[in-house]
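Next come two complexes built around chain A: one with chain B, the other with chain C.
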Partner chain A sequence: MQRATAPYVLILPSFILAAAIILWPLKEIISLSLHDVNRFGMIRDFIGLQHFRVLFADPDFIAATWRTLFWTASVVVGTLVISVPIALILNEDFYGRGIARILIMLPWAISLTMTAIVWRWALNGESGMLNSALRGLGLIDTNIQWLAEASTAFPMQIFIGILVSIPFTVTIFLGGLSSVPDDLYEAAATEGAGSWDQFRLITLPLLRPFINIAFVLNTIYVFNSFPIIWATTQGGPANSTDILVTYLYKTGFRVGKLGEAAAVSLIMFAILLVFTIIYVRLAMREAKS
Partner chain B sequence: MSAKLKRSILFWILLSPIVVVILFPYAVMTISSLKSATEVLTPNWWPSELHWQNFPEMWRTSGIAPALANSLYVSALSTALTILVSIPAAYALSRYQFAGRDAFRQFLLVSQMLSPIVLVIGLFRLVAGAGMIDSLNVLVVIYTAFNIAFCVWMLQSYFSTIPRDLEEAAWMEGASRWRTLISVFLPLAVPAMVVTAIFTFINAWNEFVIALTMLRTEGSYTLPIRVFSLVAGRYTVDWHYVMAAAFVASVPVAVLFAWLQRYLVRGLSIGAVK
Partner chain C sequence: MTIRQKICLLAGASLIAFSTSALAETTVRVTIAEYSKGTGPYFEEAAKAFEAANPDTKIQIEVVPWDNLQQKLTTDISAGANADLSIIGTRWLLDYVKEGIVAPLDDHITPDFKARFIDTFLSPSVMNGKVYGLPIAASARAMYYNKDIFAKAGIDTPPATWADFKTDAEKIKKLGGETYGFGLQGKEIETDVYFYYGMWSNGGEIVKDGKSGLDSQAAIDTAKLYKSFIDEGLTQPGVTSYSREDVQNLFKQGKVATVITAPFLSNQIKTEAPNLKYGVAPIPAGPSGDKGTYGVTDSIVLFENSKNKEAAWKFLDFIFTKEQRTKFDKVEGFLPVNAEEAKDPYFADNADLKVFTSLLPNARFAPVIPGWEDIAQTTSNAIQKIYLGQGDPEATLKEAAAKVNETLK
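Right, the complex of A and B next:
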């Protein structure tokens, strides 16, 4: 192995594999989105942006887009707001901290599909254990049909989304908190700073890069998240809990409109690219400082 | 009462709401998996008797055993393949300066951002065109491709913390570059390889949308698809069996994870920043 070629030989297998699985389908999607395609996937005439025009005229697509933005923003903001205090607590020394960490990280290890299926059962209107728990606590008198309409199903899905995003976010914050030197707090305490001031003036600024990264990564994950909604309501009833990923899946594999589904993919890809650019900027700024 | 004890009580009180909410679905899963077929439909919390036989019955009727084998096969193989192609790439990134290094890193970043769901239409055409629908090996290749970026990142940031002096000392002794890599460098990198392997394994074990799209016959289903198929599109769902199946699919990985989570916290805090 010669020195000059060695690094290329070393990165080649990973590059070929990743490129084949990512770039080839991307090329295929672009071509599908610009052609008339029958439901068996035969590519026919070039029709330009017709699929995109059809999509933007479809109220279900527009509704799913807005719902996706609402879904992403609610889950991400909810996750960050809940995760900061949890990480602060888990970073302190107390009895049972190891167990507390494991309990809070647990949803990470369990597949989203399983969690969502279990929730679907727990939210069942007649025999669901959430209803029986809430009745037992005296919070409700009649069963709520949680998944029967969007006004209760969608908030519940957001709630599940927040729960399963907490472990990853807390992990990132714990990594960040462990890099805060203790003597800073000691210095601040001798200066007479209270714990709120310490949090505001020391912890939060030092945690900021980690909050930024958690924000962008969570945004990407949540935006792409499929199993929670698919396994609880499949976007129903009557497409009222569809987000872009479920709309994409239905359009492509249920209705068989591959061209339109490919166009949805590209629109999602464009939105993701904006997030990616933000992430690269943040990562670079971190690398410099 | 010592200060630490007071603090511990306060913290546990503060954490208790979130702990209860996090554990709620898994409590539902465990309790429902031990109820009888009639009792599971009554809205009581606790079963009057524990139906342990749900597990052997579910095992016989639900086809979960082949799904378990499929999931193990796909997860183990894609983990091995991911580590195998990621180590050289990570080594190159951390030990060589070369033209295109930054471009390769950016490429990895973009591939990390493109999730399988966005590409699923194109992937389906790729796989269908090759006549390989239902093939578990296709799943292995796709999972590997989507995990490479994360693994290379993690390994590279860990490799960069291994001092070069050790390798240089070995070269001085006359060891070849290859020999040094095998007997000096890689043994030092074992902790990072274990963390990335666990992470890849869990990702593959839990993956849903690609498996849902590519696997069309019951014999090839992986666990998430098998359990999902027990629920989706059916008039009557045997929830006690579904919950038992979900339990079997979740608990091994959860135990593995609980055991290794402290390494993950450490590993991710390195990987997240660099």
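Right, the complex of A and C next:
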């Protein structure tokens, strides 16, 4: 009996802490999402799933949901694809590697909001750096109005998203690469494996757990990432670059529909919960093997 | 215990005594929206001056960027942690009054106090016959035009009507180069208002008889007019990527010949582009002579749950004296709200401000309706679609009007 209860008693303090930080706000948000709430957070009548019904009838919300999934997938996959070669290069021993590593990591030190605001200026149609650079190189004759339409604004936002996710991802991969023993490559080379085979058969499988972690963590960060889109377009024009977080912010703090905003955040929480479960399962599988 | 230690103890004890007496003072917390980098310093200075005259009251100024003001107020109020006084947009006031968040000020307002104000600016804060806020900031809109570009294009006077304006913009286009006649805002805060300028000239209203005016002929004509400016290359390209600040910057750089905005642009030009030759003119009139400008006030309100209403009122009384108002409006470039202040030569002899004040009789203030921000967002989205050519003006506006009518219900 003693032995059976002891683990639970030991877990209790951290459980209470987690409950206070996670479960209590969750309960509050659920309650907000099921009630009529005025713009100052005062709870009125219970209205059941009305807020959810309104949301699913709103084409802007549906579009924002799909766009969020596209945004997350593009940024995460783009980041992984670019980060692997960067990590491989930075793992090689070459003159000036220290500086190269610093250059790759440097953007990490700048707040995301500031990076996004700098990009907003750079993308300005008439006085932006990007247009003047492209004109200077003779690539374009007339200015491109990057942020005027979703067709140019959203790809740029994805590009910025990838750019700011690289440092973190490369760091994870470098950690992974340093744990690959050199004698494996030596042995493979003696057996006649070329560098592509070495990458495919040794590096990639051994890097796999790190790719998994980078995948899930990036997914969670990017899914919730607010500053890039907010600072460049605020989800506009006409909601055409909205993702769920910017939609949530507008609904809650601009329009003052706190009940609907709570419902959006619950839906986001549900989607992220699925990712987290995947992450935990991956981590457990790693621990077993 | 040595004497030294005793002295230390005594000093410590007196410090504690002092700090408790400091706590016994009344503290009035004031949330301030940051209009410019001068806002915070002005209020800190005003608070110090007030504290010097009222040693028992402490003023605690909290400066918030304008964009975050709504968010801060929403979270503070729902947590019951709001300040005693706060600046809010007068267009939000009805929502606050309806929920009983703000206190009426009538018990404190003497006829003398009321007489300080120019009535046009005080009346937007009056609801159900009670004064719920005092106009802390007031502005109107007029058309800034670049005299050099106009002269180069052979135009002598600023356009009186939208038809003239279009002819002028065509002349400016003929100059070639990357100079555009109409600086048109199509992004972020007040995208809707930029559309209303034309709509008012065409005789339209934001809300008429409790219904949205977006599906009126005036609104449809305006949308077509603005769209023709865009399609014919008379505005800067990519209007939906230009916020109010962006268009103002284009004007300062001499890339657009006109911009419709508030008097604070004069202050900015003075420091950022002192060589720019510009004039200020009324917003062009419509075919039947209708014209209008947007009058905006922000109000400072007293919260119902404030425990220091008396002290808070004293501070209000202080910042609405002629001296304080003059200082503040000079810093920010707002219009004077105080009748005596308006006689100050700085305002009375200022050519730019004269144009703005002359427009006030035709000024439209945001209508007293619930859900202003909701309507603003619907309107801006519809207008952006039209500017981008993603929707037929008439159909898009009708759809938006239906949505606004839902909000107005």
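The rule is simple: the second predicted complex is superposed on the first by the 267 of 289 C-alpha atoms of A that agree within 3 Å, B and C clash if a C-alpha of one lies under 4 Å from a C-alpha of the other, contacts with A are read in each partner's own complex, and residues count from 1 in each chain.
By our rule, contacts are C-beta pairs under 8 Å (C-beta built on N, C-alpha and C of every residue); 3 or more make two chains touch, one makes a residue touch a chain.
Given the structure is predicted, the values throughout are model-derived calculations rather than measurements.
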item	value
When chain B and chain C are modelled together on chain A, clash or fit	clash
Touched partner set for A:Met42, first chain B, second chain C, both or neither	second
Which superposed partner A:Phe56 touches (first chain B, second chain C, both, neither)	neither
Chain B versus chain C as contact partner of A:Gln234, first or second or both or neither	both
Partner chain in contact with A:Trp66 - chain B first, chain C second, else both or neither	neither
Partner chain in contact with A:Ser14 - chain B first, chain C second, else both or neither	first
Contacts of A:Glu126 with chain B and chain C, given as first, second, both or neither	both
First (chain B), second (chain C), both or neither touched by A:Lys250	second
First (chain B), second (chain C), both or neither touched by A:Leu258	both
Chain B or chain C, by number of chain A residues touched	B
Segment of chain B that clashes with chain C, given the candidates 74-82, 110-118 or 128-136	128-136
Interface residues of chain A shared between complexes with chain B and chain C	41, 124, 126-127, 143, 234, 252-253, 258
List of chain B residues in touch with chain A within their complex	4-5, 7-8, 11-12, 14-15, 18-19, 21-26, 28-29, 31-32, 40-45, 84-86, 88-89, 91-93, 96, 98, 100-101, 104, 106-111, 113-115, 117-126, 128, 141-142, 144-146, 148-149, 152, 177-178, 202, 205-206, 208-209, 213, 223-224, 227-228, 231-232, 239, 242-243, 246, 249-250, 253-254, 256-258, 261-262, 264-266, 268-270, 272-274
Footprint of chain A on chain C - complex, ascending	70-71, 74-75, 77-79, 95, 99, 101, 178, 186-188, 236-242, 246, 249-250, 253, 255, 371, 373-374, 377, 380-382, 384-385, 387-388, 390
Chain C contact footprint on chain A (complex, rising order)	38-42, 123-127, 142-143, 145-149, 153, 233-234, 236-239, 250, 252-258
Residues of chain A defined as touching chain B within the complex	1, 4, 6-11, 13-15, 17-22, 24-29, 32, 41, 82, 85-86, 89, 92-96, 100-115, 117-122, 124, 126-133, 135-136, 143, 163, 166, 171-172, 174-176, 178-179, 209-210, 213, 220-221, 224, 226-227, 230-231, 234, 245, 248-249, 252-253, 258, 261-262, 265, 268-269, 272-273, 275-276, 279-280, 283, 286-287
